[in-house]
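Two complexes are shown next, each including chain A; its partner changes from chain B in the first to chain C in the second.
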Partner chain A sequence: MAKWGMVIDLEKCTGCQACSTACAMENNRLPGEAWQDVVFYTEGEYPSVQLKWFPRPCMHCENPSCVDVCPVRATYKTEDGMVLVDWDRCIGCRYCMIACPYGVRFYSDEKPLVEPDIKKVFKGDRKYSWSPPWKMPQSKEDWKHGVGIQPDGVVSKCTFCYQRISKAPEGTPDLEPNDPALREFTPACVVACPPTARYFGDLDNPQSHVSELIAQKRGVRLLDHLGNKPQVYYLTGEAGAVPSTRGGREA
Partner chain B sequence: MNNIPTGQQAIRILKRTIFTRRRFLQLSGLAVSLLAMGGSLRKLTGFFALRAARAAQPMAAAEDETVITKSVCHQCPGRCGIDVYTTNGRVHAIYGSIDHPLSAGKLCPKGYLGPYILYDPDRFKGPMKRTNPNKGRNEDPKFVSITWDEALDTIAARLQNLRDKGESHRFALLYGRGWGASDAGLQKPFGLLYGSPNVAIGHSSMCADGSKKAKQATDGNYSYSAYDYNNTNYLLIFGAGFLEAFRPYTTNMVAWGHLRTKSPRTQVTVVDVHLNTTGAAADRALLIKPGTDGALALAIAHVMLTEGLWDKDFVGDFEDSVNRFRATGRPVDPATFQERWVHGLVEWWNNEVKERSPAWASEITTIPEKEIIAVAREFGTTRPAIALLERGPTAHSNGTYNAMAIHALNALSGSLFAQGGLFYQMGPSYGKLPVQYEDYMDDYAKSEERKRHPRVDKAGTEDWPMASTMMQEVAKNHLAGQPYKLDTAMFYLTNPTWTSPETGDWEEALKDIFVIDTSPFPGETAMMADIIVPDHTYLERLQDTPTYPFQGWPMAGLRQPAVKPLYDTKAYGDVLIEIGKRMKGPMGEYYRALENTENVLRHLARGFEQDPGDNGVNGFETWKEKGVWYKRPYHWRQDRGKFYEWDGTGYNTLMTPEEVKEKLLKTPSGKFEFKSASLEEHAAYISRKLGIPAERVGFPQWVVPHHPGGGDLHLVTPKVALHAEGRGANLPHVISLMQPTLGGNKTVYLEINPMTAQKRRIRNNEKVRIKSSVGTIEAYARYYHGVRPDTVVLPMEHGHWAMGRWARNRLPGHSGEVTVNVSDPISGLASYYTTTVTVEPA
Partner chain C sequence: MTTPSQSTLPMHGLPLNVNGVMKISAAVLALSLILTFYGLLTQGHGAFNTHSYGITWGLPAAAYVYLVLTSTGLTFVASLAMLFRFNEFYPVVKRCIWLAIATLVAGFATLALEIGHPFRMLWALPSGLQYLSPMFWMGVFYTVYLLFLLWKFARIHAGDWTSLQSYAVGLASFVSVVVAHATLGMVFGMMAMRPVWYDGMLPIYFLVTAGLSGIAFAILFTYLAYGFNREKMPEALRGLLSGSAFSGVFAAMIGITLLMVILRTITGLWSNLDGLQVYSHIVRSPLFHAELWLGLVLPFVLMLSPTLRRKPSIQITSSVLVIVSMFIGRYEFMISGQMMPLFKGSWIQGVIEYTPSLTEWMLTLVGISLVFVLYTVGERLLKLAEHPDAK
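This part shows the complex of A and B:
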């Protein structure tokens, strides 16, 4: 069984947000429901100022704090490494949102970021919190794994595009988006990334390209000292930067 | 967050759900204990009884049939190939086509928005006519549905009536994003057959005509450039927003991933007025005073010449190889220099460059002298190197000269037509149309009387003798009745009522013009329309898309419907043809013979039978299957001062100077002209407009820009990545991601330097008034250390008074309402970035 993980090369990332828009399209997310986000920040003052950014999916931790706190076992870790939410179990208590040190979880009943509320424009029936005409085909929907349009009152999060990767051929070391045979099984953000800053593969396979990149380019993990052991690694190269962990204590 | 975060704060932003959490904690007795437990929470158990309350998961449909349609994106002029995923008649995903050279399996952030555009709930659902005769911002047009026959008959009758009266010039067709032969390509014959010089007026004077004019003046090509990024080792980018707005955006980013990790790593210097993502991702960002890019480029040229860093093979050298270009600025005897592919270098030095030292440029641009010298040495010693420019430096009164000075660097470094350099785009091998319009011109169309009327925008008249189009002048010329009043105007993929400078003129002008809008969306121009003949959106449309400048070799995409049109809409090309069929005489016969756009496309595709593409496309059916025809390689290459033509196996055929002049360097001298003959032809005009001595007009040179508006801050209004030439105004997903650099997710903030703000008592995130001599708008100001203290930046987004429920009345106000309508007298490009404004708390 693979242990799926992602590598993001910050030297290549252009901050374009294609990962975010592709994720929203593939997974039917609401505006502002950023399963995949790019966080921008500045350092310094004019004229010695830097503008930086940091792409952030769910870290799919090896030791996920969200799983530990879930009172109903709705959030769980799959055998192949994903942290998912079972919408049939979730009671919307949001303990997981408090426990997650990376802020990657979203609650479906938030106030809309952009008015008028798109959920009211494309209303769902009783089952769904909304129902846009572009929503994924019903055969892909999978509430046990947090895939599709969620019901009201649950927490949702990045699934590494479970609907795609769960169909990948057994034993594949890397899901290479420009390989026509593997493209449909690769997470949307990885397929989308124009400068190819994202890689996706099996962290348990020492032959995989992701393992190689982490080893050779000194991959680092966000807030590693917290001990969650993210399965998302960042390469900083000459130009990239992981946000400082100086604030880690308060985090 | 109410500020741009610092690195430390970014960590907290990553924990973005803090508000929710706090709210939850307030309600929860567990709050204290949870916090105390921190990262070492233990599993909690219980609450299982609650889960049964949820309805069971919906059953998956038994069989879904997903179809992938090969088509072409429509969100910028780039023309990326897309795979549109349609299941059971609904589009739910779009990804970049792997087998398309432009997208290479990727798309920019806009590419994924297609389904939202298709299903925009505010789209027009079919043809309509206006029933409220009053027009204006606050007037409901009271549109009522009509049939296509009524719509087309009404338009044709109106045009026929004008023609019968001998007033066909009073019909204008204004267009923006033309795609190919099956839409914009149909317009010119329509205008000639009908007899109007105003069919069609393009929008390029409100886009990027400045770079084209500069290239025409120096190397003879009135065109945007094609670039060989993958092989370049230095990119010097002036105001092009390479990682936000420059096209083809997807390809730029695909190239970026390669450039920044290849060996040697391509060095990048970015020149702009604020720190955008392009500048932040580059090796060096130079924040330049608006409108002074030409001064910087001239100083770089000065260093390259005085330090002997020019490309001797392409440019030439002193007879004895002893460099006489001295930093002391002494004139040089032209007879001592032997020019290869350039014309007038020594004269340029003597008349301009010798005075343009880095110290001089530092005063003008505010960029430190040592930075200028460093960039010049890097650029001058790295090959291949590209100096890339687009709208930024050219949207000023001195725009053409700024651009010529920048493009001169490409000549000095020998990168014209070189590997890793820049060149021009080849067109596709299209077949002929079934009929030739020349055979259908009647006496009226051919008459001298028809040639007597100038264009309503006065392009090509003595007012704008060098401009190819002047759309931004149409409204004010109509209002003044000079050269005449329009009767009827039709709009295709352009919305000048919102996009133009001084938009108020358009709102006034369109009140007494019969307006036909073809947009599927309820934009500002549509709100002024008398009749709406809505186009399909791009996922419903069949249309050719020959490529915008890319890598030089020819390519033609085919946009095809992924779904049947959702509503009663009609492709714009077919609307034109249907109007044509309803005209009397040979014009009607021509359009009946043309039949429809599909017939046009079938005839175009016959050209591929003789010249099959690299991907096997050899006719209409294979074109549809693959979605694109293309044929590598580019046919010409300059290598070490020699020009070669492709002979089928390699760049083996040495070209004569005559062939180079005919095919590549199309100037009167057949060389790159540092002393432009085409500008000298208009010496008196340029001298009068810009105050330059007539004998100097040919040189790329420093001209002090003119800044109208009456303010004390430069206003620059770029487009952001999520919009740039796309259509995101009414998409909530786009609004939520619009301005990530400053956190603008409901509005776009005015970027203001904290020093500038504090002097004006403007607090962070406060509402401000932006005033110029032509108007006032409101915006929210946000402190940003990445913008110059003498400049404020307001992305040209939002401020719509129409366009749908999410777009309408969203602050900030529209920058066009405070932008003074002035243009570069040479190129005709609207000077969008030259207005000065005052900013004060609102």
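This part shows the complex of A and C:
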């Protein structure tokens, strides 16, 4: 069984947010509810200010604290390494959002981040929290794995596009978007990335491209000291950096 | 089996104050329920100011913690007589156990309206059996605790104060609440990604502050039962409140809490650990100073004075100040653990701002007014002043 993971090359990432857009389209996300986000921030003070950006999907941790805290086992880890939410079990206590060190979880029932409230413009019936004008085929909906348009009162998160990668041929070391045979099984954010800064493959396979990249380019993980062991690695090179603090004491 | 003392309330009936409080609290409960449901039915939890990008657990969650820990403390007060044989505390035992039930039920009610699918919890919790989750154990032990409390209350209401079974149920409720409050402490204390909360000794902090809340509630509601007039109280109760035992324990608990609050704050201000910057924000808040100086230092000084601490007005004032201070403390604790963004680049650059919405305030008021309604119903129907003749 593969252990799927992602490598993001920060030297190549341009912060264009094509990944966020592709994710939102693929997974019917609300505006602002970015399962795959690119966060922007500044470092330094005038006149030496730097604008930085940082792409941040769910880390699908090896030791996911969100899974351990969920009192009803709605959040769980699959055998092939993904952390998912069962929308039929979730009670909306949001303890997983408290326990996630990466802020990658979203509650479906809260104030809209941007106006107008798109949930009121495209109202859902009692089953769904909203009814987007474009939506994934009904056949792909899978609430047990947190895929589809979510109901109210549950928590959602990046699934590594479970509806795609769960169909990948067994034994595939890497899901390459450039390979026509594998493209439809590759996560949407990886497919859409214009500078090809994203790689997706089997972390347990030493022959996979992602494993080679991590080894050869010294891949690092976000907030690694917390021990959650993300399955998303960043290649920082000479120009990139992973945020290591919350903003300094001046905050 | 010991015979309950007779005529523990004035012969002409209940003091007007209890009836008055019942009417007012029922009106407040009805109004706050209407406004809460209006918010929830029209906007869902969008009526709250909590957000995935901001504060996840807000004022209602703080109110839940406050209420269930107060229940814990009230059980501790009842246990002073029931388990540890400090017999002078018997006159407040039945009222404390009923109040423990009331605060626990009110806490559960607040939480039920705060989460997304409360009824789903009824089957998902037992079928999931996620033993790694402190919240799972919190649910289990607080439910067990509630059952033991009800059982215990039924025993003493039937006049069985001292039988082996009554003692055993009292012991079971005490043990279950110690474990329940500890798991509630671990819900926060295990969160290594949130340094303000991360503390293996947090359950001890909760234990102490729960005890203090319980004592303050016991004092206030005992006075309330007699129209804030100590002269109307039966002799044993009057003796308890005018003696040094109750006020002495109250003073000691305020002192220990004061020490813990000060030490936690100094540690937070001193440490360079990323995430504890929030303490410099907390100490600039007027709420913190109200909690510290008005809610803890002032009652502590008042309770240290051998003459002042026996006066009803001072005891009532101190208990109210402590009750409000403990509420501020719970709110502050809840919010401060979430105020710092998780890492730089989480969109919000500084401290996350949060002001509870009207619906959140109304839900909190539902919990608080429900305590008063349940208490006054108990005072009216369940003879809460009963106690065995202290030997």
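Definition applied: the second predicted complex is superposed on the first by the 244 of 251 C-alpha atoms of A that agree within 3 Å, B and C clash if a C-alpha of one lies under 4 Å from a C-alpha of the other, contacts with A are read in each partner's own complex, and residues count from 1 in each chain.
Assume a residue touches a chain if its C-beta (ideal position, glycine included) is under 8 Å from a C-beta of that chain, and two chains touch if they have at least 3 such contacts.
Keep in mind the model is a prediction, meaning the values are calculated, not measured.
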item	value
Touching partner for A:15 - first (chain B), second (chain C), both, neither	first
Which superposed partner A:132 touches (first chain B, second chain C, both, neither)	first
First, second, both or neither for A:3, with chain B first and chain C second	neither
Touching partner for A:101 - first (chain B), second (chain C), both, neither	both
Contacts of A:209 with chain B and chain C, given as first, second, both or neither	neither
Which of chain B and chain C A:50 touches, first, second, both or neither	first
Touched partner set for A:144, first chain B, second chain C, both or neither	first
Contacts of A:77 with chain B and chain C, given as first, second, both or neither	neither
Which partner reaches more residues of chain A (counting touched residues only), chain B or chain C	B
Which of chain B and chain C A:69 touches, first, second, both or neither	both
Chain A positions touched by chain B in one structure and by chain C in the second	39-43, 52-54, 56, 65, 68-72, 74, 89-91, 93-95, 97-103, 105-107, 110, 113, 222-223, 226-227, 243-248, 251
Residue numbers on chain B that touch chain A, as the complex places them	4-18, 20-21, 24-25, 30, 34, 39, 41-48, 50-51, 54-58, 60-64, 66, 87-88, 90-96, 98, 104-113, 115-116, 118-119, 121, 243-244, 249-250, 253-254, 256-258, 260-261, 265, 275-277, 279-281, 287, 721-722, 732-733, 735-737, 740-743, 745-746, 753-755, 784-789, 805-806
Interface residues, chain C side, partner chain A - complex	44-46, 48-53, 56-57, 115-118, 120-121, 124-125, 127-130, 132-136, 139, 187, 191-194, 272, 274-275, 277, 280, 338, 340-347, 349-351
Contact footprint of chain B on chain A as seen in their complex	9, 11-12, 14-18, 20-22, 24-26, 31-32, 34, 37-47, 49-54, 56, 65, 68-72, 74, 87-91, 93-95, 97-103, 105-107, 110, 113-114, 116, 118, 121-122, 126-127, 132-144, 151, 177-178, 180, 183, 191-197, 222-223, 226-228, 237-239, 241, 243-248, 250-251
Residues of chain A touching chain C in the complex	33, 39-43, 52-54, 56, 65, 68-74, 89-95, 97-103, 105-107, 109-113, 152-154, 222-223, 226-227, 243-249, 251
